[in-house]
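Multiple structures follow.
Presented sequentially are two complexes of chain A, the first with chain B as partner and the second with chain C.
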Partner chain A sequence: MLDHVTDLTPITALGAASPRTESFGALTISENAGLGLASLALRKGQSAPQPFGLPLPCVGKAVSMGAYAAFWTGRDQWMIEATGKAEVDFAAMLKSEAPECSVTEQTDGFTAFEIASSQGAAPIEALMRKLVNIDPKAFGPGQATRTGLEHMTVFLIRRADDRLAVIGMRTLAGSLWHALAVAARRLED
Partner chain B sequence: MLIPHPLLGLRDSQEFTYLGDASLMQRPDASLDNAEAAFCDYVFLRDNPAGVHRELWFHEQGDRSWLVVTRDTTTHEILGAELASDVKGAAK
Partner chain C sequence: MTRLTGGLIDRNAPLNFTFNGKTYKGFQGDTLASALLANGVQLMGRSFKYHRPRGVFAAGSEEPNAMVELRTGARQEPNTRATVTELFDGLIARSQNHVGPLERDFLAVNDLLSPFFAAGFYYKTFMWPKAFWEKLYEPMIRKAAGLGSLSMLPDPDDYDKGFLHCDLLVVGGGAAGLAAALTAGRAGAEVVLADEDFALGGRLTMESDLLDEAAATDWIASAKAELESLPNVRLMTRTTVFGVYDHGIYGAVERVSDHLAVPGDKVRQTLWRITAKRAVLAAGATERHMPFADNDRPGVMLAGAMRAYANRWAASPVKQDSDAIAIFTNGDDGHRTAMDLIAKGANVLGVIDARDAAPRFGDYEVFAGSTVTGTKGRLGLTSIEITRNGQSQWHNVGALGVAGGWNPNVHLASHHRGRPVWDDSLLAFVPGPNGPAGLIPAGAAAGKGGTEEALSDGMRAAITALSEIGVTASEIALPKAENMPSEQVAFWHVPGTKRATKKRAWVDFQNDVTVKDIALAHKENMTPVEHLKRWTTLGMATDQGKTSNISALAVMAELTGKSIPETGTTIFRPPYTGVSLGVLGGGDTGPLFRPRRLTPTHAWAEAQGAEFVEVGPWMRAQYFPRAGEATWRETVDREVLAVRSGVGLCDVTTLGKVDVQGADAGEFLNRMYSNMMGTLKVGMVRYGLMLREDGHAYDDGTCARMAEDHYVVTTTTANAGLVYRQMEFAHQCLWPELDVQLISTTDAWAQIAVAGPKSRELLTRIVDEFDLSNEAFPFMACSELTICNGLRARLFRISFSGELAYEIAVPARYGHALMQRLMEQGADLNATPYGTEALAVLRIEKGHAAGAELNGQTTAQMLGLGKMVSAKKDSIGAVMSRREGLAAEKRRLVGFKSVEPQKQAMAGSHLFTEGAVQDMSTDQGWLTSSCYSPHLKGYIALGFLENGDTRMGEIIVAANPVEGQTVKLEVVSAHFVDPEGGRLRA
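Then we have the complex of A and B:
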């Protein structure tokens, strides 16, 4: 009976065996299927820990250090990102770094799309102007926020001048990809 | 319409959901003798001012904070916004 379990094929949030990547002019959108996510919240009166050595960022900011990164999601709350940790129990790793805090696994709830520009900041900012009501000029490298994008809620992280991550709800991965891809394609004209 | 979020700056009002009169934060004491009448008023009675009104807004597509937004109901001008947790803390 157990033999059948080994026949299962893991698929990404977009339903394929391998992550999707597509280019539209200067912009390339890539599904980041390997990203492990867990949220960390302080309980009343606690001070912020430094999980994996990360100094947890203040309001609206993101930090990264090697394979780990963190962005602010609310008062005394952060999302912690770990490259290549989607298939391990990353929440347990984070909990052992910050045993006093509230930690919740988030990898299965979200999907991350990484947008890279081959022509600097301008194409990233043009895409933001089409999709979200956030001032791209005030949203430079190291900024992170949550906002609405075509009626979906997303986290935006400006990883660099020419890189933007969009993290949305996993069940809406197809719709989110469609929204990003259509906007990027229209910028090509 | 933009809401001046105390932490995040000006944000699109579409990111928020509206709850109602900020006096909802003053829940009656359930242990008092007149609790039933007080809760009846709390649930059903609202002032409906033409002018400045303090109301609860939830930053749902944002940092999930509750705000007390002061709005002029005749012009829809937003006069200010505070974190509800700060308002509650200051009242204690």
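Then we have the complex of A and C:
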């Protein structure tokens, strides 16, 4: 039983009925409330599986295939992403793909903010320079890392030259949005 | 007006500004100092100690004298250097450190009392009577000290921060810096060029030298245009690199909008953290002066600054065009100033050159082998005394330029305790070989101050720097330039002011330190430079002695008979120039000052009118007031009684949750917790106590076994991060052999405590076909289940309140809806939301330990949990918990009831036997938690009392000496409610 029909109505990490989107010049920040997340960790002596056909990436990398993606989070650990699977038991889906591994539901552990630029890489890189101590030139598409942002811990995934995902703790969603929005707004000048 | 021709000011862009309330005109491109000079204003402030009239002395960030207060209201900023303040329309500036008008400062009386204010005066003068120091002397000195004043209003501006990464950071955009940036930029390296000035070019903008036989500004413009066109180069003007930090990190402040009247939508300043693989220090050089008698009058300034004002800002240093200007020099450089002034049509008296064989480079008088031995002019220079071979003559002049040689700006190169080294041919300290790794000095900062040599040295430095990181850079075509004559002699100050004469020669203008003060320091054996600095205050304050340190060393060297390098040198700490605390703090203020964690039911609680409390980064509902409740206590009492009689709901998401999986999960938890976790049955929860390595209690929580190889561990709210980190450390470093996987799930699940005798009834209404009977789901059971038609959830039958209670967890996005649903379904059961205050009362009534009891100083035995430290296995802290010192600890957690029920003993009060003297030797323990118990209708408390477990019924005293309070307490069991635990198991 992966899907369920509950009569409870969820709210987004930012506390609203629907996800927030706001544009600041070339940058648009969108709350990706539909992103399912589950962590996958290898048990002792296991070799990495290929859940949903994903070749699990090495240190500092992210991969994606269709609706599924994965990024490295630690030794023998990954976070698996599934577009549109936030309200189903995605951890159970992943567990059935990798039954021997340790799988933990993480969907609501985090909030994902997707940042898209309408003018190529430059606005994304300018935003990064205001927020994180990561060299944008060394953080191209396919790179992922965990870093500090305004005293919060976040995952960054460079999904493309012109797209960056910032995945932070769900309970800090409001503060994270504020930090991103203020930095993006200041770049509008 | 004393505006000259030419200059790099835009005469089509006039600007109005005020200084001490009077309106003046300047132009775009002016600094406040240049505009004041061009308006004939020489007097700009008063000195720190003696309140002597002072004028501008330099033309850059080294300025010691021309300190002003800028702006008004909340934006008023004291101690701002007029020399680096970009003029804008409407600028308001005031002089500072005077009582009454600037021209008639009442505190100038200090100057008459100067014999009492000699070096070290406050170490000696205020020694007696001792009692006067705190009450009289110190407040008096504090009132008189300081230069400008604060607005005492909150800073209205926004500040920002950012991070840059580059192959090469070029500090300084003068000849060497531009050459370095062009060289590296063309090689394709990632380059950041930062300059504190608002214009690029450094000294090139202030000299009359030609580059490629054209004005230097042409080459600067083309270099700037090329650098701007290169995508790999970032040009940052108005940006001061103020410090070198570890691992190639440089701190820089960009003054984004200080040149505007108000920042508008912009931030005021940005703090940049620049990570550079290599850096070129092209920070130029600072000119030094030569102290002589009465050398501090307005109108006396550095000759290089005078040249800069004439060439770049078309400003003459005199009050009226007809006033003569003299130059006092020990080398060729002073003559350049005379030549440039003459070219601008100024009235030059001549050059007073300390050298007998002084050269002449043009049509002006040379006073060879001469020195300046005195000056006159109350608020500005009117005449100087020129002395040659003992023969003196007074000359009328309106300004005097002093050229004592140039000191390379070695500051950043000495930030990692890199010692500058003396270069006898340059008569200056240059950066030494042990400066910050990866920082390569170039140009004037490296002692190569000629234009031609600065350009080529900048290029060389860039090529060297890049070759070290594997980037090949080629030589570039540099503009044709000359090195101007720069012969000089070692002449440091004009003799005759060291001894007890009335003549004073200032070395450090900002701190009013004279040659005589240095002589006094020498006499009192304060000869090491570190002592000299602290005894005389030389080199302190906002300019950090940029124009005075080397001159002071030279005077001390002469007094000690040693060479300058033998005498020593001062090295420099960050920041290079003053950095505002606002930009260091950066970012947000007020409620946005730090990130806030909101629980899944935050919005719901807000809608109920909850009051919130900060718990670390969390905002938790503290209590939920209702109409008609006059005090918070009334609300909390109602919430507590609702839990005890019906059912209460509390968001407990903040408790840390760690998912522990793996074949060795049980063994891992056995080692983390003092009690057995490996034997726990699947579907059950166990209370756990975690010890620190030293044997003290660390944290408590619960372990729920969801499957053979899967536990969900909860921690206290406060220790969630610490416990997770401790577990990761143990997993990765202590027992990497165990098959364990850990991940935090604190945020993933909304967890709501459903507590009270009617909790089962309420939960029955939302679960999907799940048997909640005591038999099927007993106390300390746990299970996965579905609720509300198919939503996955976790249910734990655990209790903090002592009542029949559960905690139910759902994916966080459903927490809000679940709380609403529970309230709807529980309306007839009087379902009541409760906050952290009621939570605390409930647990004190039940005698459960929390943060106040687990404060890092308590042990399992003290908590009455000694038996939980299993002897059948090892765990972190177990061995240390048995050491003699801890095992002998006799204080035990017990309960207390106020003998007078309505009298509260405050937590933190210390416990004493009734009638005993109250001091450390008779101390019997302390109260940890205290509250009003609506259940018992009186005040109760928890605390640690010596042998408390054997003293039931005894009356003791809780003393709170801070508030002069003593309260009589009866020692009772910590379990005020249901000591047998029947309610929990109902």
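Note that in this section the second predicted complex is superposed on the first by the 180 of 189 C-alpha atoms of A that agree within 3 Å, B and C clash if a C-alpha of one lies under 4 Å from a C-alpha of the other, contacts with A are read in each partner's own complex, and residues count from 1 in each chain.
Everything below uses one rule, namely that a contact is a pair of C-beta atoms (placed from the backbone, for glycine too) under 8 Å apart; a residue touches a chain by one contact, two chains touch by 3 or more.
These numbers come from a predicted model, not from an experiment.
In the superposition on chain A, A:I115 makes contact with neither chain B nor chain C. Which of chain B and chain C touches more residues of chain A is settled by the count: it is C.
When the two complexes are overlaid on their common chain A, residue A:L127 makes contact with neither chain B nor chain C.
Legend: residue contacts after superposition of the two complexes on their common chain; A:V59 is shown touching chain B, with no touch to chain C.
Of the two partner chains, chain B is the only one touched by A:T147; chain C is not.
After overlaying the two complexes on the shared chain, residue contacts for A:A70 are found with neither chain B nor chain C. In the superposition on chain A, contact of A:L8 is made with chain C only, not with chain B. Contact with chain C, but none with chain B, is seen for A:Q106 once the two complexes are overlaid on the shared chain. Chain A residues 133, 138 lie at the interface with chain B in one structure and with chain C in the other.
Against chain C, in their complex, chain A makes its touches with residues 4-13, 15, 33, 39, 41-44, 77, 86-87, 89, 102, 104-110, 128-130, 132-138, 150-152, 169-176, 178-179, 182, 186, 189. By the touch criterion given at the top, residues 160-165, 190, 265-267, 273, 275, 587-588, 592, 594-600, 602-603, 617-618, 653, 659, 661-663, 739, 741, 743-750, 786-792, 810-814, 816-818, 821 of chain C touch chain A in their complex.
Remark: chain A residues 59-60, 72-75, 133, 138, 145-148, 153 touch chain B in the complex. Of all residues in chain B, only 7-9, 11-12, 14-15, 60-65, 83, 85 touch chain A in the complex they form.
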